[in-house]
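All chains are identified by letter, namely A, B, C, D and E, in their written order; residue positions are counted from 1 within each chain.
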């Protein structure tokens, strides 16, 4: 193959690779958003579903199902259910009217006949009819699942209760606040210390020891966050419990301390790099005007590096907001509005990681929605700070 | 006419005092940072010392060892790099050497910018949905590797781009002015010079994968067995540490947890040192060329 | 002096986006002639010589109109750009040897054209280094990195690298401005040698240099080619008052 | 039927992916370990991720077998999975070994978890604020526990929530004022099980029906898509040999 | 011309590590006198002026011997270095205003000395900008970023910033080399004005500039002060042959 053909081929190769990158990166947004939006736009099922246990045959409005083991879907517009079924040698019938105008899901069904069955409602949007007479586990049961209507975004974002299992209430305000509080606390704790440290390293520590310290700090920036969580659970949590004499040291304060420590190296090393990047000529100009080194550091180096400092803070915030496992280990994870800094808190990320394995149905989709909220929060935060930075830069040029 | 001499205060005592106080505050901050971080390292190292032995390194999970986890970690790291590096490097080459300012390029840059900053657990959600469920890989090393490779793509693209950007245009111009094609220029002049930077980016990405936990938990799983293939699920070292931490009860468990933490830290030290050596060589080499 | 026209530029306008960096530039260079481009910073000297081997193709915002012909053929027409660049070599302001061995630097161009034969390559490298007056200094360390050479040696290596392609024209953009006086003298001497075989255009800030090495001189000012003529004429008897002002140091 | 494997005769390696309940995991690990002794070509890969996850995984086919520590919810019943009860398990209410509390009524437990009782002195212990530790929503153990003590989704705010049996155990073993609940089979002397209504939490009492807090351990699979290796493994679990293992810390069903 | 000695340098040796960058430099500058330092690149001009306000203190490897006195006081003795620097101002090759407003740039020095009073500061800033011949151009946009100024304006701003400290000596290291001819002319004019009040040392590459603006000229070569004398003498009748060679363009 001659070199001109290779040249052209390579051009297409790099384009292809970039295409793959766009698709891969775009797919994330698409899929997560797609799943996350679902609970708010569609009901969990088109109509009522029946699930049976220990029933050999069942006839619903004239259609016969034998040995059903999967859902029996009733058409959406059906308002009357005439059910006949047999099992364990007996035949029974059941008539139900659906009052779709009723808003309380527990009152939506009116049972006209249900024989000797017992009606219970083990969880919202579910009725269970149990026909006793046989040993437990072999009782005949019919579960009637009502479709859950699309969830209100406002109840999701503004709701104070997160009771996904039985009540099917999905309010994430406590988690949003939990995320904000832990990150804010970590930033307030970590950033000033990190900036002071970085400025000192960049301006006052001779190159050799500074390089050594910098190496150490970079190392710490790379340590897996689980290690910090581990340290938190071993040392910080018991210490908090001891010092404040509370039932449990798991809570906001421990989370803030651990996150604060975790962002220290990140913010320090980025800020230090940007302090060092401030041109020598600005520093010289200040010194040549009779300013002291300290004055130069605070009045010239710090303001001139603000764009880099902001980048460092953004990364710090991203790390704090996005941190999952370390927080789970120390925060206590109760989805409550906290009243004291020692209370147990739960963050958005913790909710996802804790419950993803246990969630099903809408609960699982809701965790994707939590992911979308997290994404939007980060996006807003980053764009706000980037906007600020751009304005600063514009002012400067 | 103003005489600055007469109006500018001459007394510098206050200034010197402020300078000194600030100096001590800042030195205190440094001491605090070094102290806290040093304490963490020392504490973990101290507690881990008695447990870092061959039995621990080469034992199975039920023997209190970490071999299966180490192997899983290696699989995950290797597979994610194999998937991500070619795409990442070629994309970086595209962005630095070919891309103009078309709409597509702007979308690509936006995607990279945005995705570099989002929490890793979102990658986990995505991987769980797409690779584990839709594509049917289940929780497995391959699902995790696919997920993590997308997660490190922005890292690789950005760092490689940086590395390529440090190659002065004069090298490219030199090559082009000798009648070389663009591909020849990239292949023989740009990439060799950028290689250490690219290796650095790979190592950085590797560090990120080694240290990652939430998306790994969601996509690779937590099975403690020695994986037989990349289609098995497994448990990486970070997840092992997470579980050990969560579930440690007796001193033995703590010891193992500390030792696992120490192994992770040692890995990071190795990765950092490698990055450092390579990038400083890189700088030296380029320094000579400039 | 040979009078066959090697390179001809007609009505060249060049824009970087909205900004016009060259305005109606016309000149022609004969075979085996040395031209010097002088003028204050930013006047378009570099831009002008980069047009001649289409290095300006690399700048997306750059547009040109007018014609540039090499041996009568339009270089912006159907001519392949890599072929053009192997006929019109270029040496840059800052020596830019590749981070390879001295040998590989010189062999780079021919190799990229597909020349693989070791013996031929060796001969070519030796020949080129000799022409660039560098052979004696490096013959014992051809495998060493080119970056270990001094600045002046690196610049001669870049010239050798260019010569190895057997170009017809060599463009030099301030080739000595990064060098010390002794290295500069060597390069000037070398240019004197090279013009026996090649047409050369050299951009320079140092008027003395222009006067010493060139047959023709072009004086640029804000994108205009203010004066073009025999070097002696330009320096002793400029047609334009601005040229005179510049040469006598009244500005720049 | 998608069966890539063969029986134990040919030694072709096969991995059975099992995932789900963290409470069932210790039992499954014992099964796997014992089974591997006689079936070296079979690897059982166990992922203790949670009951719901096990059910979902079995439903979607991402794991061959799912483990659940609770009965299926109505919604999950409709997936059409086959259920196999491999053992029964009690749920033990646990406290730190240093906690002197000797008995709790179901009422008291409910009050503690709902936040009506906040100090150990109100529940027969020494004075000290109770640290309530619970599993996360969706957990099989939590589901069964809440069902049995008649308390649904109304966990006191401020409780510490952890995922996994081990984490609860560890938290309670570390914190003298903590109360938690775990699978009876996972109880050991790092924590103390508290008698409920004066009945000690023991397998014997679960079997004789006096200790009320119990639930089944279930394996779920899709009949048509299950390999013969997995079926053999399940058959083995239900065999006297397997059930003997189940009987060690749990309650055998056969 | 005033003959009171302002600044005196005696037997100055300067080393960067092992490398001797200045060799036994001696000269003295009177009050309100302009001296130009010329010489080829790397000869030590910048090094020499940076000794005068102790900017070389910033380079750890730098050692000096010899004495430098300002009004007879040894600047390397007990004199406070920040005090010295407010007496000896400096303007750099590339204009380097701080990324702050124009006003804040000029007010920076006095503020750092503790001057807080707004009215006094405003008056001082106005006065300094007037002396630097910049007031008319910026008086309506004192709150704008200094980086929005053109290169020449930035350089005058740097001069104003220096003047605001009312220094006794102003050092300028190639203050016009990054500027276009028109801005250069403005700065040269300004230097003419400033020398009525200050002693000035200006480093320059452009011989014409040295000849135009200075009373005294120093010619450096490889760390040696080869020639020091009245500018007219140095340019018309140099004592040293190397000076003559350099001035007539035979090297550099």
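Heads up, the rule we're going with is that a contact is a pair of C-beta atoms (placed from the backbone, for glycine too) under 8 Å apart; a residue touches a chain by one contact, two chains touch by 3 or more.
It should be emphasised that the depicted structure is a prediction, and the values quoted were computed from it without experimental measurement.
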| item | value |
| --- | --- |
| Set of chains adjacent to subunit B and to subunit D | A |
| Chain closest to the middle [Cα centroid of all protein chains] | B |
| Whole-Å gap between the CA centroids of subunit A and subunit D | 26 |
| Rounded Å distance, subunit A centre to subunit C centre (Cα mean) | 61 |
| Whole-Å gap between the CA centroids of subunit D and subunit E | 82 |
| Rounded Å distance, subunit B centre to subunit E centre (Cα mean) | 48 |
| Subunit D residues counted as touching two or more neighbouring chains | 49, 162-163 |
| Touching two or more other chains - residues of subunit B | 15, 181, 184, 246 |
| Residue list for subunit C, restricted to those that touch at least two other chains | 112 |
| Subunit D contact footprint on subunit A (complex, rising order) | 49, 51, 53, 69-71, 122-123, 126, 128, 143, 145, 162-167, 238, 241, 246-248, 250, 328, 332-337, 343-344, 346, 353-361, 363-364 |
| Subunit C to subunit B touching residues, read off their complex | 53, 55, 58, 60, 82-83, 85-86, 89-90, 92, 94, 96-99, 108-109, 112-113, 145, 147-148, 158, 161-162, 165 |
| Of all residues in subunit A, those that touch subunit E in their complex | 206-207, 279, 281-282, 284-292, 295, 299-300, 303-304, 395-397 |
| Residue numbers on subunit D that touch subunit A, as the complex places them | 49-53, 55-56, 73-80, 128-131, 133, 136-139, 142-143, 146, 152-155, 157-163, 171, 174-175, 177-178 |
| Residues of subunit B that touch subunit D when the two form their complex | 62, 132-133, 136-139, 221-225, 228, 232-233, 243, 246-250 |
